[in-house]
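Comments concern the structure below.
Each chain gets a letter, A, B, C, D and E, in the order it is written, and its residues are counted from 1.
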Amino acid sequence: MSEQAPGVRIGGLTVVYKTPAGELPAVRDISLTLEPGSITGIVGESGSGKSTLALSLLNAVQPPGRIAAGSVEIDGLGDVAGLKGEELRKARGKHIGYVFQAAQNSLNPLKTVGKQLLDLGRSHGVEDLRGLVREAKELLGRMGLDGTRVLDSHQHELSGGMRQRVGIMLALVLNAHLVVLDEPTTALDMITQANILKIVREVHAERGLTTLVITHDIGVVAEVADRLAVMYGGRLVEQGPTREVLGSPRHPYTRGLIRAIPQLVGDIDEAQALPGRPPTLATVPKEGCVFRERCPLRMDVCDDVDPEAVSDGPRVVACHAVNVKEHA
Amino acid sequence: ACSGGSTNKSGGSGGGGGGLFTTIDVNRPGLEATAPANPYNPKGNSFPGYSSMKLGWVVNHLTDPNKALPGIAASWEIAEDNSAITLKLQPNAKWSDGKPVTAEDVKMSIGIAYTQGSTAFSVTPGAAGAAAEVTVVDPQTVKITQDMASPSPKFARGVLDTTVLPAHVWSSVLPADFWDKLKAARGDGADAEKAREEVTALGEKVIAFAPPKDVSAGPFVLERVNPSEALLVKNKHFFNAANVAPAQVKFLNYTGNEQIWTYLTSGKLDHAGFTAAPTDVMNRIKAASGNEVIKGFSPVAVGLAFNQSKKPYDNVHVRRGLAHLIDREQVTKVASPEGGTAAVTTSGIHQKAAQAWIPDTLPKLEPYTADVAKAEEEFKQAGLTKKDGKWTLADGTPWKVSMHAPAGFSDWLSAQENIKSQLVKAGVDAEVVTTADYPLYLEELAAGKYDAGFWLMALGPAPYDIFQRLYGASNGWTNVAGKVKHSDAGKAGNWMGGPEEIEVDGTKINPGELTGKLNSAKEEEAKPIMAQLAQAANQDLPVIQLWDYVNTQFVNNSRFTGYPKDDELLRMGTGVLPSGVWIQQGLIKAKQ
Amino acid sequence: MSATLIPEAGAPAGVTMRRNFWRGVWRVLLRKPSRMAGVVIIIGFVFMGVFGPMFYPDHLPDDPNAITQPPSWEHWFGTDPQGRDVLALVITGSRYVLLTAAVTALITVVVGTAIGLFSGFKRGRWDTVLMRLTDMKLTIPGLPLLLVLATVWKFGSPLQMGLVLGLLGWGGVARAVRSQTLSLRERGFIEAARGLGLSTRHIIGKELLPSMAPYIAMNMLIAVTGAVYSQVGLFFLGVLPYESDNWGVMLNLAVFQAGAMVTPNALGYLLAPLLAILLLTLGIVLVVDAMDEIFNPRLREE
Amino acid sequence: MITGTGVVKTFKQRGKVLGAREVRALRGVDFAIPKGGAASFIGESGCGKTTLGRIIAGLETYDEGEIAIDGVSLSSLKPKQRQPHFRKIQLIHQDPYSALNPTRTIHQTLHAPLSLRAGQTGRSKAWIEERAAEVLSLVGLDPGSVLARYPHQLSGGMRQRVVIARALTVDPEMLVADEAVSMIDVSLRLGILALLKDLRERLGVSVLFITHDVATARYIGGDGELYVIYRGQVVERGAVDTIIADPVHPYTQSLLSAIPVLHGLEQPGEQPVTPLESLDESQADEGCLFARRCPFRGERCTSERPLLQITEGVPQEHACFYPERRSVIARPMSEV
Amino acid sequence: MTLIARRLAGHLARGFVMILVVATISFFIVNNIPGDPMAARYEKLVEQGMAPEAASQAVKVLYGFQPDGSLWQQYTEFIGGLLRFDLGVSVSRPGTPVLDVLTEAAKWTVLPVLLGTLLSFLVGIILGVYAAIKRTGKLGDALAISGSLLHGIPQYVLAMLLVVIFATLIPILPAEGTVDILFEPGWNAGYLGSLAERAVLPVVTYALSAYGGWILAMKSSVVTVLGDDFILAAELRGMKRSIVFRYIARNAILPLFTMLALSLGLLLGGAVFIEKIFNYPGLGWLLIGSVQDRDYALMSGAFLLITVATIIANIVADLFYTVIDPRVRSGEEAR
């Protein structure tokens, strides 16, 4: 439908997982807008709910998890959270491309890439399968691979970087204009990572996509994203244009995170560790600010009042301390 | 478990009475689809009485070993002194391929019998009751004379019990110079030895011989076999074909009695030979519609035999004490209620045969009734002592009666278990030890490994056969060429280890030599010897005779009738299927 | 030398740990009622094997007037062809069966674990040789081999029987333990222990074995069923001499002596040992289900 | 002091039926790590860093060359005799999840090596307990709350600390940290790095740091040497900051160019180097190992193997026929 | 393809060595067997009323051609014969080569085993998938436990229960051999019907005893595959359910094929009980018979044949895997 890059509006999204301790939210009340044609990056540590959020975009949260509240509006599709069955299936792949966290293993080991491509085509009722193959070869060629060879290969015959590129190809080949990349470079080495990031940027521009990149590596986001959102304990604590957020982080977590990264140049002693440790699903505070345990700016109010996400121009921050300072 | 009955159609409606007769070959568990139709092959698909014929069908008479029903020989004459038998063949006998059965067939069959070592046709030098000459008198008459150097009253039986084979099928098996070789073999010296070996070697060939198809002189001929069943169809050329009722005969396979029980309880079998069965099973068999149990004479008895080289069984009082402790009625009731009658005493002779052979001696024998007091008396006499209600050996060491039986012989096992429990109740510790199978049992028994074990006795109607199981090789006496030799306990197969001489009525007798004499003695000579031997066995107790077998057979009257009730018709000689004989005699009629 | 030092110093910690362990086991068992049932069944059988025969005289009373009776109030599973109570036979016969099974399981596990550990730990030539041997053992079909063996070897006592079955049965355990060892070897903690200079004994005894405990315990239980299966089967086929009562002997006699396939009167005689085997298998199956959780501290404490 | 000269390691992978494949993991590596000093190995995936680390820690044998610990040459010793020497060198595993035995509590984990030492030195049992608490405190953990726990009850960062504490029980002279922080949350990484740095300073333990993140190498071993390894060969070696600022080997330059740029905060380097192909280990071994991927390769490169050398005007050792400085790394905006 | 040829060559070489080893073992075991078949035969003849001398003569004829010569000589002869596919002549069936007896019996084992295995395999994997999908529910639990139970129960227990139920209590199925002889062998309804009717119980027993194993194996295999990323990936790419299901099924079944081939080998060993109980004259039945008859030649022949079948099953399993799994196929080739 949408030949143009679609916009995405996530509103009040909450996703819970059923655990022995009851249903616990992995993503809590998140609102986020992906502008059409932009690359948005989400950073967060392990367990902060990034993948869960990404999966919600396809309404594909795996049991025992479920979307408990909120909506995911995608231009041309409507509220994905309300889609079901065939409708949902057709949206996946055709409208939303998803590149897997462990793209290394996202291919069926028993089938050649080509065969899986055909399966994909058949699933979405593509009539011109030859055309699909041609398109795939083109995409692969675009990413610096020999399309024919790759399509004839099995997963194990490809290197990690190649598989990742195949994953991107499969996400795009049906002409999806919304692409979600979950940790696209984790487990790849530096040079390959640089290569993949370059491809992501280029393909994004060429095809006119709306792209969401999820990572725990701020460097990756900084490299590709226009906008940056920071997640912590299932909450979005800060978002805004990448340069601005990195240049002048407002949320104490963002600030701490950036400071904890050793730099290539300059005084190494500037780098400073964040005290404490990130929460898990079970240890995330049920109320109040999720970051308060590790926060240098902790106030009394943080203990029981969830800080609201307050926008300031293009930037949004959810912190009592910051908001108080700015609004007071 | 009932498919047989429902699929009878194919043969059921045929002419000439017709019908399908279903039976089993009790002599050969395990039908073998690959085996040849050869009566000498141990798994051969040849069914004596049905598809293979003997000269005559010997029966188990109480005293006359030569009694037989006509087979291929329509009649015969036995010389007064047993020196010859002249056979007249059935005038109309024909093979199933239409060729007549002639004296030449008989002669060749006798030649083949030589290679297999039958009773009458043995190349063993000095074997008792062996034939000397085979003469074809005319195409219908054959005369066979006995080698009178070592005559046997059973000579005629041996001759009659010979399978007749078609010469035109089997001729290749015997070499042209066979009869010369045979002659040489019956002599002495190295040449004879070599000739004997050659004849024996021919035996292999005979056993392995596979006729391309069954050629039968009997009422039926083999049609096909699979591993579970064999099918025989009526032989149109059979001399008495007009009176043969069934059109087809089906043999069912079995490997254990329990399968026969299953067949019988479903009323499937028209006839089954002797099969031991527990009471419950027997009742169910009887309850099946049309089933009938017919009983006849079988000369065999079973006893608990002792190895007298082992203490305390070397002491006759111990053996007698045990005999008094064991209630044979109870043992029989638990182990073989239908297939046996408790032995009235220990004489070495089946009680029915004993009535005929030694009617006067029988009442004089000690019956060894169950009597604890007497048993204790005997034990005391043997020097055993009772401590804390337990009998111990003279030197105070514990005593445990250890009885052995081969696994799979369920009646024997039952019996031993019962004996054990009887002994235990009386303060004699006991155990039952089983041996994995019969071959092993026999080997270990013969090797003297057991204290006590079950032992068959009183085999056959002839006096010698009756006693040689007590006073034969197993007890030290070997009969070679009519000469009886005794070897010491533990040597040359002597595992019973009894004394060489026994005092009976004040005179010392050598039971082995007496038994040897029975091999050639005439009926009247035999009787006093048997009385002596029975007394010896009764007082010395090398075995405790437990029960005498009853030849129990099963028939079903719903498809066929006319089954004989006559004792003698029930149990035939070696490996014969009596129902086949009944059918060829025309006794069996299809039910109207 | 380290081993001698550990007990005293570690004693308090050790004791509480052990207590925690059993508490954890209890928790795991409580998680599913089926597991408790399994434990109860197994304890029942152990009790039966150890104490059962004590409740009966050496020679069970028989009654020649009540042979092969159908089940009744007096005899729950009827009587055998000697007029003995079938239930009593099952109980007295259990000792032989269970003792054999225990010996088999022990040998299977000890030999299999030792060979698997050695093979996986040493690797190289030893590994190749041992694994070839194991492969060969696994390929030779066990039951037919037992049948053939039974002709030369009389498995006189339960211990001997267990020995033979154990010596025939370690192949699977060896292979499983080896592959476990190989995979654990690659795990950092084994390497770390080597780097710290800890003795091989410590590494195998304290690091490797506990990690493999669930496998080993599971294999042990499975070996128990396997042993029961084989020995009862062999006795049932009647290729072994039986000098003592045993469920297999009962099966054999029920079918081949009492005609249980023909007369319902003897059904109890046949069914009682069958049910015993069934129940034992069930118990073991139910308990095996809990093994993983028992030995994994994470699953245990959850 | 640990030195290695010409260390060679070839893995022979046995095919099931026929044909063995050889992986030349190390092709003659020299290194020297002074007591209390630091060294960092960087390189692409599969270039042999872990192998070298494991060889140094005595967990892997080597085929050729010489390794000496405190002047004792180990090549001539029997494996059993090497063991006590190698105990001075402890490996910190990359994966803290598998480096601790899940069935043993932290107490048990620390107890084993300590009691071994107590046995050797005749110390008392109380010392063991004391020492266990001490090493835990050294790595910044509270002994009271940690000792009785199982590994699964600890977070990744805590586990890595326990791993380090365990290494400290044997009073090592050197820690080999193989990507010791790559599996740890970003916010906690620096803590571990700081700990290692701290241990180096306080206990005089030298640290061998294996990573592909150059910045972390700088953090922990900034005063030490940096070894750039490519396909089992050291291609550049020198002071950390020198190499970061002025790499001369095109491979080093590719590595540094690949570091993501914090757009907005940083200015990308002016002459980024992108390799022509991706790594293929089955490539021919002739000439310079990097030749096929090198955008600057010359004639010599395909026929001759450059060895680690010092050339005029270049402070660091390098293995390139045409060394040239290129500005590849991003610089902070503020600096420009 | 060369890879397969190479593997095959390796397997054959190893298999050959193994067969030699097994042959040697069985030769020496069999040569040490106590129990004299001659004595038993003699006793039997005597019992049937044959005169003792005649009986001993007859027995001598029967067993006259027992192997003699030194042990080593016998051994080399035995192995030599083996290489010529000559297993000697059966002792209890003189004149019949062991190989003939074995081939006759083998066909009655192979058919039911194959049928039973395939049946259980099909049912087992279907239920296994179900158990995997419902693994958290009560039904999945019940399926899994019943699977383990059936897997754990000895075959003979099942067989006996079936006989008791279907042949004794409600006699609707026969347990007595292969086929009714009244029917002309061939492709006619009667013959085939009878064949089928009598094969029902053995086949069902094979199937029942194996099916628990398949449920368990399939369940765990499916659970593993379900956890694999590529399944979720396929779903997220919007693949059709049927295609995703095919992905799951194919990947999950793959390891089971190896087990299938192996289990065929194992079942041949287990055939002993089933054949004994159902009186089915196959290899196992033959083996017991030969043990009880002390038929040396037949015993070692049957044992060898069963072992060889197992070895072949192993080889087939491995080759099959090589063919079907691209990872194995090229994994080695590439190097």
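Criterion: a contact is a pair of C-beta atoms (placed from the backbone, for glycine too) under 8 Å apart; a residue touches a chain by one contact, two chains touch by 3 or more.
Just so it is clear, the structure is predicted and the values come from calculations on it, not from any experiment.
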item	value
Topological distance between chain B and chain E, in contact steps	1
Contacts common to chain B and chain C (chain labels)	E
Dominant chain pairing [most C-beta pairs in contact]	B-E
Farthest-lying chain, centroid of Cα atoms versus that of chain C	A
Distance from chain D to chain C - Cα centre to Cα centre, in angstrom	49
Separation of chain A from chain E, taking each centre as the mean of its C-alpha atoms, in whole Å	55
Whole-Å separation of chain centres (CA-atom averages), chain A against chain D	31
Intercentroid distance (Cα basis), chain C paired with chain A, Å	52
Junction residues of chain D, two or more chains touched	none
Where chain E touches two or more other chains at once, by residue number	34-35, 167-168, 175, 291-292, 294
Residues of chain D touching chain A in the complex	44-45, 155-158, 185-191, 193-194, 212-216, 218-219, 222, 244-245, 254-265, 274-275, 278-279, 329-332, 335
Residues on chain B engaged by chain E in the complex (per definition of touch)	1-4, 7-8, 10-11, 20, 27, 30, 32-36, 38, 41-43, 60, 115-119, 122-124, 127-129, 154, 158, 200-201, 203-204, 206-210, 224-231, 248, 250, 252-255, 259, 262-263, 266, 300, 408, 436-444, 446, 456, 459-460, 465, 468, 472-473, 479, 573-575
Chain A to chain D touching residues, read off their complex	45-46, 159, 161, 188-195, 197, 216-220, 222-223, 242-244, 246-247, 256-257, 260-266, 268, 271-274, 277-278, 280, 294
Residues of chain B that touch chain C when the two form their complex	256-258, 261-262, 265, 277-281, 283-284, 330, 333-334, 407-408, 410, 413-414, 417-418, 420-421, 424, 431, 433-437
Chain E residues within the chain A interface of the complex	228-230, 232-241, 243, 247, 250-251, 254, 325-327, 330-331, 334
